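Here subunit A shows up in two complexes: once beside subunit B, once beside subunit C.
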Partner chain A sequence: MFERTRQWIEVRLGIKEIIDSGLREFYLPRGAGFSSTLGAVALVAFLIQAISGIFLLMYYIPDTAHAFMSVRIIMNKVPYGWLFRSIHMMGSNIILAVLFLHLVVTFYRISYKKPRELTWISGAIMFFLIILFCISGSLLSWNQLSYWSTTIVTYIPTLIPGIGGRIAEFIRGGQYVSGSTLNRFFAFHVAFLPFTLVCMAAFHLFFIGRTGFSTNPGSSPEGDSEPQSVYKREINANGMPFYPDYLLKALVLVMVYLASIFFIMTFFPGLFQPELATVQADPAMTPDVIRPPWYFLAPYQIVKLIPNKFLGISAILILVFIFVFWPFIDGVNERNISKRPLLRVIFILSITVWLILTVWGGY
Partner chain B sequence: MVDIDRVGGVLMRIKLVLILILVFSSTALADYRETFEKEFVNKPWVGSKVVEEGVCVDCHTSDVMKPDYLGIPQEWKMSIHYENKVSCHDCHGGNPSDSAVSCGTPHSGFVGIPKYKEVPKMCGKCHIGILKQFNDSKHGKALMTSGRGPNCVTCHGSHKIQKANMNIINKVRCTRCHSYKRAKIMKQALFMTEKRISDINHSIRQLRSSGASTEKAKKMLFRTEAGFRTLFHSVDVSLVKGRTAGFSRKLDVIEGMIADIYKEIRFRKNFSAFLFLLFASLAISAYFIQKNNKN
Partner chain C sequence: MKRRKFLKTLLAFFSTATLVTIAYPAVRFLSPLKKKIESKKLVINRNEIAAGTAKNMIYQNEPIVVVHDLTAGFLAFSRVCTHLGCLVNYNGEEKRFICPCHAANFNLEGNVISGPAPKPLVRYPVLVKGENIVIG
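After this line comes the complex of A and B, so read on.
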């Protein structure tokens, strides 16, 4: 029966050919390891967020009077609601860790060089989109922690001279974080961001499909390092087939990803839910310590440290600019990082500085 | 090779310098941090803990204040009343938004310093049940008739009032007017129930920090606790003993609720542990499958 159905479909659609030519014969460079599958893990992680998010959407009420209560009902009344909410919440934090790793690997391999600049840029944009996802999503549970960290995060744009206040007001829908902010963030979180992210992901994958996966210059030297002037896909004949080899590798890490979500849920259920997160948001009650979410500590620390508002916000914007357009800023045509001591210093230095700022901002 | 590296190298160095500037410019003006925080915290949209501090506190912390009174706002800021937005004028009366007439003018409802006997009335505006118990008690009657009984401030203080507990009953305070014997019997009568209350409180805190919803149990405990603690003000040991059984039953119910929550949490933990093991073993199997696939 199964065989006949398969046959029926096969005769009409020729799935096998798609698999053979599109996947089996799409080769990755030899020796591509687990680190090359992080992007795929991020993609699956996003799908998990989308699915668990849809379930949350069935019960969530985007209204200041009911938001907190509806989350509480999801956690306590809805059958297995706690499971979906926990997966969604843990996932939103771990997905960032996956993205950080993906980014570090990509940078370390200098994979962003010609012809892959567009892949990098679309990836960088997706990185910011995911952060916006996290910020807008955290407000939705409408607790003290999310209310006040949103207050801080939406404070950052006010540093821009002139229009800064307007921008912040536009984001918040008023002078301070309120019901209109909640509605805005809700619309943003469930409609605008998913759509934009899916478009960006499509571009990202399209770019990768056209250029082929990049080699790891550390283990297998680049075929030719001559500047390339016509379109050419990395063929990697006798490399590693996308299906099944690459997908199996990705599957391993996807399982690891899921296992780590449940690991945290089992052993550290309160990791992302401190005391403050269990109290309904109260605009009249400022908690003793307010700080932004962990992924925002570093930029927050930067604006806090720089002795001038304008310089502070400029620093952030410059850093964002450098990050997004890095492929065009890095002018050296050498893809092996072991031959680029200065880049290595910058690489290690920026990671260390980021970590230091994060820890510093957090205490 | 060298040429390309030089161009790139210059760019790199510019970037490096930029980062260094960003990082180290901070030390130049370290006190900016303070101004930043001050400015930031004073933004209107940040909101403030006490909405109606008003002019009372401003003036009472200023230089015109006599030194004896200067510490009062500071003490009040450490109190449970401050946390619950009970402000100077809630007790002393007066108009907190009008500096010209607020202090010392009777016509705006200003009470000033209450007389010793009038303190229970001042507090009883809000703590109604307690005032009733207190007035019917030997303490209250002694206060009203001879003025020899204690008032609320004797036991709780006036400005730095904290959450009440049994340690208020101690040898120093309760031996000022009579022997400690009666106080001790009273403390013993309260002890078992108090201990259960504090145990339950502890569990609730623990549960909350693990993300469980304890609202219902907490609300019920709050009511029970308030009812029970009111009871002390009767300073009537036999009344306390007689009512203890009733409170004990209520606490049983709350403990039952908490046991249920623990059970649910255990279930969730086991369930996610199961999923963890499931996916961990799937990861391991997938690892070996992909390894074999290569060969």
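After this line comes the complex of A and C, so read on.
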């Protein structure tokens, strides 16, 4: 039966040819290991977020009077509502961890070099889009934690002299975080961001398709350090086929991703949901300790450390700029990090500083 | 070859199991929540509905209409038309419920007089207790 249906479709659409020419004959460099599949894991993770998000939309009410209650109902009354909410909420945090790793690996392999600058830039933009997803999504549950951390995060633009206040007001839809902010964030979260992210992801995949996969130049005989002046796609003729080898590898990491969600869900259900997140938002009462979410702790700490507000925000904007346009800033052609001591120092230093700031910001 | 077949069967088994474990919660999640208020009754003051008029309200998540007729007294019907589900309106002059969608007409008993509706309107028991009317 299955075989006959397959045959029926095959005769009409020639799926086998697509798989053969598009996937089986799309080769990755031989050295490509699990770390090359992190992008694919992020893609699947995003799909999981999208599906669980659509499920939540069916019960969620984006209104200050009902938002908190509707999330409660999803968690306690709707059959398996806790499952989909937890997958969505935990997933939003773990997807960021996956992206961090993806970034670190890409940087370490210096994969952003010519001809892959556009791939890096589109990836960096997607990274910020996902952060915006997390910020806008967290407010939707309308609890004390999300309310006040949104207040803090949306306060950051006010540090820009002159127009800063207007920008913050624009983001909040008023002077304070209120029902208008909730509606804005909701629209942003479920309509604008998904659309933008899908477009960006399409670009990202298109760029990868055109330039071919990159790998650690140390482990690949085809690592190209000589400058290139005409379009050339890396064929990697005797490398690893995308299907099934690469996809199977990616599948293993996807399983690990899911396993970590379920692990946290089972053993540390409160990891991303401290007590404050179980109390309805109260705009009239600021809790004693309030911190932005973990991925925001480092920039938050930078702003706190630099006494001059304008300098603080400028530092962050400059860092963002350097990060996005790094492929153009790094002018050396060598793609093997072991031959670039300075870059190695920058690499280790930025990760360490980031970690220290994050931990510091948490206290 | 035998080993290959075994692995394929194993894979099919695990994939099906995974699919079922995902599909079951999804279907449960999407099925409508059961109403826990089944036995609840709706109480309104009889003065709220003048003789010869009707009032639309919601009872157990369902739109209903309560009619105060001079001869028949208080009556309550679901407003959901039995044709395709539009909401009927009460017409006091003709003493009929008329559906705006395809013009199904129901009499004061809820029975179909004309139009495409196949069944009478669902009726709810009404009890007059002093000043109050109890529906359900």
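In this text, the second predicted complex is superposed on the first by the 359 of 363 C-alpha atoms of A that agree within 3 Å, B and C clash if a C-alpha of one lies under 4 Å from a C-alpha of the other, contacts with A are read in each partner's own complex, and residues count from 1 in each chain.
The rule is simple: a contact is a pair of C-beta atoms (placed from the backbone, for glycine too) under 8 Å apart; a residue touches a chain by one contact, two chains touch by 3 or more.
Bear in mind that the values here come from a model prediction, so they are computed numbers and not experimental data.
*Asks:* For A:L83, decide between first (touching subunit B), second (touching subunit C), both and neither.
*Replies:* Touch status of A:L83: both partners.
*Asks:* Which holds for A:L248: it touches subunit B only (first), subunit C only (second), both, or neither?
*Replies:* So A:L248 only meets subunit B here.
*Asks:* Where does A:N238 make contact in the superposed view: on subunit B (first), on subunit C (second), on both, or on neither?
*Replies:* Neither partner.
*Asks:* So, does A:M58 touch the first partner subunit B, the second partner subunit C, both, or neither?
*Replies:* Only subunit C; A:M58 stays clear of subunit B.
*Asks:* In this superposed model, does subunit C or subunit B come into contact with more residues of subunit A?
*Replies:* Touched residues of subunit A are more numerous for B.
*Asks:* Determine, under the contact definition given at the top, whether A:T5 touches first (subunit B), second (subunit C), both, or neither.
*Replies:* neither
*Asks:* Residue by residue on subunit A, keep only those touching subunit B in one complex and subunit C in the other, then list them.
*Replies:* Shared contact residues on subunit A (touching subunit B in one complex, subunit C in the other): 83.
*Asks:* Taking the touch rule as given, give the residues of subunit A at its contact with subunit B in the complex, in rising order.
*Replies:* Within the complex, subunit A contacts subunit B at residues 72, 75-76, 82-83, 86, 151, 155, 175-177, 244-245, 248-249, 251-253, 255-256, 258-259, 262-263, 265-266, 269-270, 273-275, 278, 283-286, 302, 304-308, 311, 315, 318-319, 322, 329-334, 342-343, 345-346, 349-350, 353.
*Asks:* Write out the stretch or stretches of subunit B touching subunit A in their complex.
*Replies:* 4-5, 7-9, 11-13, 15-16, 18-19, 22-23, 25-26, 28-29, 32-33, 36, 40-41, 43-49, 51, 85, 208-211, 213, 215, 268-269, 271-273, 275-276, 279-280, 282-283, 286-287, 289-290, 293-294
*Asks:* In the complex formed with subunit C, which residues of subunit A make contact?
*Replies:* Residue list for subunit A touching subunit C: 55, 58, 77-81, 83-84.
*Asks:* Applying the document's contact rule, which stretches of subunit C touch subunit A when the two form their complex?
*Replies:* 25-26, 28-31, 33
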